[in-house]
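Dropping the structure in here first, questions after.
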Amino acid sequence: MLKHERDRLGKNAILLVLAEDKEEELFSTSHLDELQFRYCKGKVGSMELQKIVAAIETTAKRNGIVNGEIYREMHALYHAIIEAMHGVTRGQVDLGNMLRTVGLRFSIVRGIPYDNDQEGEWLAVALYGTIGAPVRGLEHETIGLGINHI
Amino acid sequence: MLKHERDRLGKNAILLVLAEDKEEELFSTSHLDELQFRYCKGKVGSMELQKIVAAIETTAKRNGIVNGEIYREMHALYHAIIEAMHGVTRGQVDLGNMLRTVGLRFSIVRGIPYDNDQEGEWLAVALYGTIGAPVRGLEHETIGLGINHI
Amino acid sequence: MLKHERDRLGKNAILLVLAEDKEEELFSTSHLDELQFRYCKGKVGSMELQKIVAAIETTAKRNGIVNGEIYREMHALYHAIIEAMHGVTRGQVDLGNMLRTVGLRFSIVRGIPYDNDQEGEWLAVALYGTIGAPVRGLEHETIGLGINHI
Amino acid sequence: MLKHERDRLGKNAILLVLAEDKEEELFSTSHLDELQFRYCKGKVGSMELQKIVAAIETTAKRNGIVNGEIYREMHALYHAIIEAMHGVTRGQVDLGNMLRTVGLRFSIVRGIPYDNDQEGEWLAVALYGTIGAPVRGLEHETIGLGINHI
Amino acid sequence: MLKHERDRLGKNAILLVLAEDKEEELFSTSHLDELQFRYCKGKVGSMELQKIVAAIETTAKRNGIVNGEIYREMHALYHAIIEAMHGVTRGQVDLGNMLRTVGLRFSIVRGIPYDNDQEGEWLAVALYGTIGAPVRGLEHETIGLGINHI
Amino acid sequence: MLKHERDRLGKNAILLVLAEDKEEELFSTSHLDELQFRYCKGKVGSMELQKIVAAIETTAKRNGIVNGEIYREMHALYHAIIEAMHGVTRGQVDLGNMLRTVGLRFSIVRGIPYDNDQEGEWLAVALYGTIGAPVRGLEHETIGLGINHI
């Protein structure tokens, strides 16, 4: 069974990505620390989807959330990122080709989200920001969450 | 331009749907009240996607968030729901046919999210819950957000 | 090269499906007769996508547009129908599962659309009607066109 | 309820885009004028999908069909364009990446398509042309229609 | 790095599923035994996609390829099955709703496919059979392969 | 009806593409010769999907499997390639945009696969190789098969 909601990977990842300032972030990360989850957070804006993927992968590796030498870990992260991008793009996982751009914050959280330790470690990728035309102000909010076993 | 992040439709919709108990909900709804946004919240679980859509539409109508007699409003809501379901389903907007089921909370928020009043009213549909096999415990978290002008 | 626009399969199929009354239909079919194209027209409404496909296939067979005993012909028709349904459904080729229904007229046209006779026969499936909630009046127009070699 | 078929947005948009010469266009636009619909028409060919989207947006703005300063209007138009492109691309909203190109005419029509004035203004984007390999003649017809409230 | 091609999971899974008789199967399984891969094979035909998924999951559990009590394992298998079904369905992961049916053989293979043991165990699901109209003979071949870390 | 399994287009195309060395290829091609099927085989690696499509089309034309002057043949081949790419990409027919690359072998086989000669000629495109991050070793296997009448 999944742990109680407030101790889950996805919920904590989304709360971390929604945190706007240091105070809110501290509130979020102190709970993540209690849960002994590993996490990081970053920011990326682009019309090129591959740059979004690359930014998330790089941040995850640099912060030791995943081991970039182990394909197993990168494979788990990659599919979690693409799943999260489905929520952001809602139909076609594409940005510039469809004349739209995103400005996103992202968080990555890794840990044990089930009561049964045999379920092992899982990964959550959360995205929050705006999507819209490549014109300042012509945009609305967007969210995505990807979850994978690692 | 979109209002400051804490006053946006999508962010408030997602915080409302993430609220687990009355206290958290009150925290969320009191800010929604200040912003003069209309909102409601509900719960639905099913392997049939049309039941998810129907539950959200019915709740929105019953709570006066949309006018069920005006297609324009139902059209705006419908597309927002389907966009939110893309985040939940991540690839194919389908549940039972792919042997998976969801247990979701949903929130619907309606209001003016841009500084410029000419942008008029918009709608956010936020979803949070679990998706997985039709077997208790074989599931992980999922999130979706749909935004539309109304 | 494709023939001049007014002698093409797709354009004539769409004009046939758009014809509302006998007079408009006669205008359309007399040109189709001149071009020596085979054609038929029908009507179907359903929340079940397979019924739409079946209705078009049955009408095509009954009117001798395709030979139901030859898989080659049914394969060409099937893919043309599904391609046309993409225009109707715009994202996910699904109806009832997404809580929506259609009321469609369809036309099927078969003939030689290229100057070079070696290009052989091709098929066009055109769809026009409404799509929306399973509630009278909550609907908007929709169109689709599928083209395949046969 | 939608108005009678000959007075609808989508049907008129598709008839306008199908008009090949000035005479046919005049026939179409005189009816659009009677209906007090706003409309425009243009032409674009490209392997880059974003250029198709940009051409339609630019034409709509230049002809005053939408107000480029109001995101609400651009958002309505954008989704209508993408929905129309689903009919054109039939599966994946992509061109050059899949080694195909289009030559399209497009029309945009804006007005009140329902008997009930509370339904307000809606928008139709119609596309007609050819799609195929980036080699002259290796192409077939394609059509798309997107409808949105504005 | 992936092992040499003849020792890979996917290639062996596809060769196992292609084996038509006991002799061919023995040829395939003796190599799988040498590689110390776990594997099983089954057969399923249906217009209902969820029955295909269920049949593969049940066979995998019964043969001890995965542990049905551990969600991690069922999650890995589920996504591998759905990825394999993409190859079978080519566009929309759907059968009966699109008026088509499949007759499939499937194989599931589990083992260590990379030189580096830290890559751990992975899973391959291979599918081979026919897809077509629900009419005997109106069908063509289809193949799918899904790979996931477990 | 489809011929017996060992004499089918798709199965032979997949066995040809799986053949690793000259000996295995000879085994495969001698059976293809007996069946009087036309075939060819090639290799392509790229992050650009259009290069994969172009490489397969060019190889098919150069080897006389299709006539590049006849759109009918190129249309049949194009759709078979795209269908095969669905198996390879499993969700979104896209490579570089999603920060992934492929190294593929491909085979194309053309012939009469049904007992009834009226079914005429069909085409199979088979793909086998690896897909993954643009980093050596971070990749797993992938397969695709597309079948079309020609």
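For reference, chains read A, B, C, D, E and F in written order, and residue numbers begin at 1 within each chain.
Simple rule for what comes next: a contact is a pair of C-beta atoms (placed from the backbone, for glycine too) under 8 Å apart; a residue touches a chain by one contact, two chains touch by 3 or more.
Treat the numbers as computed from the prediction; the structure is a model and nothing was measured.
In this entry, B-C is the pair from E-F, B-C or A-B that repeats the interface of B-E, since more than half of their contact pairs coincide by residue number. Annotation, subunit A versus subunit F: rotation angle of 120 degrees from the Cα superposition, expressed as a multiple of 5.
The distance from the centre of subunit A to the centre of subunit C, with each centre set as the mean of the Cα atoms, comes to 43 Å. Spacing of subunit A relative to subunit D, judged by their CA centroids, is 36 angstrom. Centre to centre, using the average C-alpha position, subunit C and subunit D are separated by 20 Å. Chain geometry summary: the mean Cα position of subunit A and that of subunit E are 30 Å apart.
In subunit B, the residues touching two or more other chains are 71, 75, 91-92, 94, 97, 122, 137, 139-140.
Within the complex, the subunit D residues that touch subunit A are 48-50, 53-54, 57, 71, 74-75, 78, 82, 92-94, 97. Against subunit B, the residues of subunit D that register as touching in their complex are 70-72, 75-76, 79, 114, 116, 118-120, 122, 148-149. By the touch criterion stated above, subunit E contacts subunit C in their complex at residues 91-92, 94, 96-100, 132-133, 137-140.
On the subunit A side of its complex with subunit B, the touching residues are 1-2, 5-6, 8-11, 14-15, 18, 20, 83, 86-91, 113, 122, 124, 126, 128, 130, 136-137, 139-147.
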